[in-house]
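Take a look at the structures below.
Here chain A shows up in two complexes: once beside chain B, once beside chain C.
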Partner chain A sequence: MASFFALLRKELFVLAVSPFVYVLLAVWFSLNALLFNISIDTQYIQADLSLLPPYLFGSGMLVWLLLPIFPPLLCLRMFAEEHRVSTLEPLLTAPITDSAVVLAKYLAACLFFLVFWGGLLFFFLLLDMHGATLDWARIIGGFVGSCLLSFLFIATSLFASSWGGNLVLAAGGGAAINYCMLFLPALFQYDDTVLGEVSRNSHLPNLISNGFAAALIDSYAVMYLVLLSALFLFLTYLRLVSRRWIP
Partner chain B sequence: MIEIEALSKQYGSVLALDRLSISVGKGEILGLLGPNGAGKSTALKILSGYLPQSSGEACVNGLSLREKSLQARALVGYLPENFVAPNELYVAEYLRYRAGLKRIARKQRAAEVLRVMKLVGIEQRAKQRFDALSKGFKQRLGVADCLLGSPPVLILDEPFSGLDPLQRQDFRNILSGLKEEGKAIIFSSHVLPEVEDIADRVLIIHHGKTRVAADIEQLLSINQQVVISTHGDHDENLSKLVECGDELTSAVVLRANTFVVDIDVSRRADCLKKMIERGIRVTGYSTSKRDLEDVFAEFVSSPAEVD
Partner chain C sequence: MNRKFLLLSISLGLSVAAICLVIGCLYVFSSPNARLRFDLTAEKSNGVSERMLNAIASIDAPVRLTAFLYREDEKLTSYNSNVYMRAFDRLRLLIDDLEARTSGSFSSLIVDSNSPLVEQQRLQQLHSRQSGEVIILSTSDNHVVLKFEDLFEVSQAVDEQRIAARLRRERIDEAIGDAALRLSNANPFKVAVIKALADDVSIQPFLEFVERQGHTVSHVNSFSMVGDQDLVVVPGQLTPFTPLDFAAAKQWVDDDKHLFLALGAFTTTAVVDQWNQILAERGEHFEEGLLCEAIPIAGTFMEGRHECAILEINAGKISGQHKINEPLLKAKRSLLFAGTRPLTFGDSINKYSQSRLLRTSVGAWIDNDKQGVRFARDGNEKAGIHAIAIASAAWRPQSALRAGHLLLSGSDEIMREHLDYNKDWLATSIMFLLGDDLEKSGLRSINEIPFHPSREILGRIKSLTLYLLPGLCLLLSLIVWMRRK
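This part shows the complex of A and B:
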């Protein structure tokens, strides 16, 4: 465990001091602030503030357009950049298991992404301070759901980052997988076939806006997001150990 | 400490290593030589646990790098060919992180980091980032990383590359000190005088195959060149020299009655006796010192495989 925590601390530190990450945070908060401003200016949200969490956390533009891009950019350096600048070799020859390497990097990215979503909670705190009546169960539910969705996107991004030292491929590949997971179920969700049924049950924005952001923590949605994250982490692990396994 | 038995590595259709076998004991330094693409880095990457072998066995302290990779890696300090550290961390921070990665107890990490920094002479650079270091100090940081936790085995890929003569001298001293501590060290290098100075043995590989594995002294004495001055008829002396046969591998005329001959050092006395018996009036006999560059050139250009 000492190796795991050493790597986790290093990854968190590197993220915390990287100027690129602050550029990402600035873009994220600016766009969210803009979206928040537009949202609370609309009449139907002013009439019912409980609609705000589903919009910001689930069905709004944030999830559809922005969220798939940020985790790949955050995870870019975790394997692809390390591969490119040759720092991966000293890491993988140290006495640390490949699974610990994957988990430490994943956990560091997840912990850091809490900062991204934590900023959104701050907007709700501002509203609360100005006397708005808020449904905190929906806000916290939406926050938890969005975090779980982000953690899934981080897992896919780590997988794409593990492909090699090509940063464009790592970022593009991660974003492509994330967009596929968002859009493919949306294409088939109105089908009456089995595919339609599967699509409806795996439509990520619906899982968030109709479940978590409606203050409904559905064990199916939780397990779906957790297991899918675990699958991509396992694929990342396989990608890493294949180097040692395949002679 | 290090045992390699019939180690082979295949990249697709390319055979990068072909049945490499060698062992390195405690307090021994092995220089791994070969032209670019010979398979040196591949061999070292396998020994560091970074790459798997296609066949054969590589063990560190009896632990197979394939089956007990984690335990074996804990015994190895590895310096890759192009050592790079994350630029976000200061030198001391990087070493503390690596000490954690190598499972050194939290309370001992600061002392261990200070120890290795002093050992390689980078304690004055503790608050510098990697990119701010000169090539020599970058290499020293890599070696300091290798030495964390005092692993008994060191694998160094091109440790002298890019160093100036003074830095090489320092580095030689560091390696000699580590040898005195009883470390088993394998390093690859293109800087042959350095290898000649510090290695106990060399392994020359070419196209992935072992060309020669021998003690440095033994290697330098094989086919030593001898300058022989004679008296009398030049042509007659030359023909008699050639008749000496087995003991001489070649004879070249340097000037009238002076010949440069390659003689197997162990048969030098026999050869001289034979020359005198054949009536050559030897008036002078001197050996010329061969260096590792001559030996290296000879083995990598010769098609024959030597064990």
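This part shows the complex of A and C:
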């Protein structure tokens, strides 16, 4: 356990002293701020601020185009970079289990991603300070949903990053998996078949904007995001273990 | 080589097993029995009501809900109105909640302008959908169509002042619940509505409204033609009773059968006298005159305008004591009563409990000038609080269908011209009269949170969001980069 926390601290420190991560944060905040300002300047939103959380956390296109990209970029160096600069082998031979390595890296990325979403909470706090009445149930619900979704995307990104030292493939692979999870269900959601049923149940924008960001937490949505995250973490672990005999 | 192959097979096997396990778990968690929903709102009114769930559950066959979310009415989109955006957001949320909380016999499909064109056309043809129809609730052999106006009440756009249309109220839960009751068709209540005229067309929307709540409605010519109905509704009456009808009406009331009687201020004295005679034992009485209230215009209260006779009954004038009004107060609804006659009650034979449901404000007066209606006071009017709707029920009901439920309304316009403004109250009233459980009514309020910041505040928010956080991050990035260098 001590080695797990040591690795977690190290991963957090590495993220905190990486200029690239701060540039990433700056771009994330700028684009979200742009969307936020455009939204609050529209008559739609000014007439009813309760529309803002589902839009920013759930159905806003900018968020849905950005969110699949940022976790892979954040997780880029976690396995792929270590593999590239050959520091992964020493880590895997150190007195720490492979599962602890995966979990420490995942937890570090998740904790850091809270800062990404925390910025959006700061925007709402600004609105509150300027006299707006806010529906905090929707905001907190949307925040929780977006965080869980980001954690899923971090898990897929770690999985993509564990496959080798090619950074472009790691980032591109992670983003591709994330986009597939976002948009594939949208293609089949109108089918009357079982595929349509499955698509409707796994449509991520719906799970967030009609559930979390509407202040309605569905146990299925939580389980969907948590179980898929666990699955990708397990696959990452398997990949790390199998590296010993399949390079 | 063989060992490598074996290990690879084990890895692949474990991966497949993990994927199967996750799919299996998700399948179990997606079933309605294993699904829990937590409403984070303070009022806990975000999802569908128990009433709607029970109504859906009462249908034996599999039910399919198809929602067509199209922005078809241009009046609701002009001047950047957000009516459709909010309405469809709410519809999606409730349909999603309904699907999550009902058993597998319920399924839903949402079609909007982003759906594949072929699918849109196929579904529109399948349901023979007309413009304005939003929800089609269907079983294999029956279907109910709900239009946008059945689900929402909207204030119209004002072109002269460029004011956008706004969403005032939502009736999704009520309307879909009613539609489900119609589909279930399990022992529907029988409601008779007495014609005020031989050709009473203005009552047609009310008849359809009652029918949509799952009841069987018959429009009969006179009271003597009422058979074994569960409820009789008198939506205004123009001509006095014949002796036969009078006897039938008196017998109906004396037998403690259920009655909803609405007589407006312009009902003839002869008709009112007859009804007062029938209701004498109950101690309930229709008074003469037209109730008026001064209307607030530009910070002052105006009289002498016909709008004074249209009473807005807001929360302060709705009694919270009676269960008819509970869902309305909870959902923050107001009502509109026009051409209203005052009511009194009290000296009954102590066989009935009586309640004043709705009242006027303290500034209301009875306009009963001999020269005609002036909508203004000259000092001789009886001013003060007046009852405009009364409900009563027998202390000791003879049976569920003979519980002596009686409801008097001082306006018949609520069932005609102003039906749209009073649907919720009428629905809960009819539910009370028929002995339905009102506790689980699905009325929902639509609370707007307007925020109209000045350009200065918007500019400040823009500076803080666009420059503060990104700037801070770039600064940190520079510091870290320099320190590492």
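The rule is short, and it goes like this: the second predicted complex is superposed on the first by the 241 of 247 C-alpha atoms of A that agree within 3 Å, B and C clash if a C-alpha of one lies under 4 Å from a C-alpha of the other, contacts with A are read in each partner's own complex, and residues count from 1 in each chain.
We adopt the following convention: a contact is a pair of C-beta atoms (placed from the backbone, for glycine too) under 8 Å apart; a residue touches a chain by one contact, two chains touch by 3 or more.
The model shown is predicted, which means the values in this text are computed figures rather than measured ones.
On the shared subunit chain A, the superposed partners chain B and chain C are arranged side by side without overlap. Shared-chain residue A:Pro95: touches chain B; no touch with chain C.
Of the two partner chains, chain B is the only one that A:Val85 touches; chain C does not reach it. Residue contacts after overlaying the shared chain place A:Ala2 against chain B, while chain C stays out of touching range.
Once the two structures are superposed, chain B and chain C can be ranked by residues of chain A touched, with C on top. In the superposed model, A:Ser18 makes contact with both chain B and chain C. In the superposition on chain A, contact of A:Ala137 is made with chain C only, not with chain B. Seen from the Cα centre of chain A, chain B and chain C lie 160° apart once the structures are superposed, a value rounded to the nearest 10. In the superposition on chain A, A:Leu51 makes contact with chain C only, while chain B stays out of contact range. Shortest separation of chain B and chain C in the overlay equals 6 Å (C-alpha atoms, whole Å). When both complexes are aligned on chain A by C-alpha atoms, chain A residues 17-18, 245-246 touch chain B in the first and chain C in the second. The touching residues of chain C, when paired with chain A in their complex, are 3-4, 7-8, 11, 14-15, 18-19, 22, 25-26, 29-30, 34-42, 46-47, 79-80, 82, 85-86, 89, 92-93, 96-97, 100, 107, 109, 111, 115-116, 119, 164, 166, 447-453, 457-458, 460-462, 464-466, 469-471, 473-474, 476-478, 480-481, 483-484.
Interface residues of chain B facing chain A in the complex, by the touch rule stated above, are 9-10, 45, 48-55, 69-71, 73-74, 76, 78, 80, 82-86, 88-89, 93, 97-106, 145.
Contact residues of chain A toward chain B in the complex are 2-3, 5-7, 9-10, 13-14, 17-18, 85-87, 89-97, 243-247. Remark: chain A residues 17-20, 22-23, 25-27, 29-30, 33-34, 36-37, 40-51, 54, 119, 122-123, 126-127, 130-135, 137-138, 140-141, 190, 192, 197, 201, 206, 209-211, 214-220, 223-224, 227-228, 230-231, 234-235, 238, 241-242, 245-246 touch chain C in the complex.
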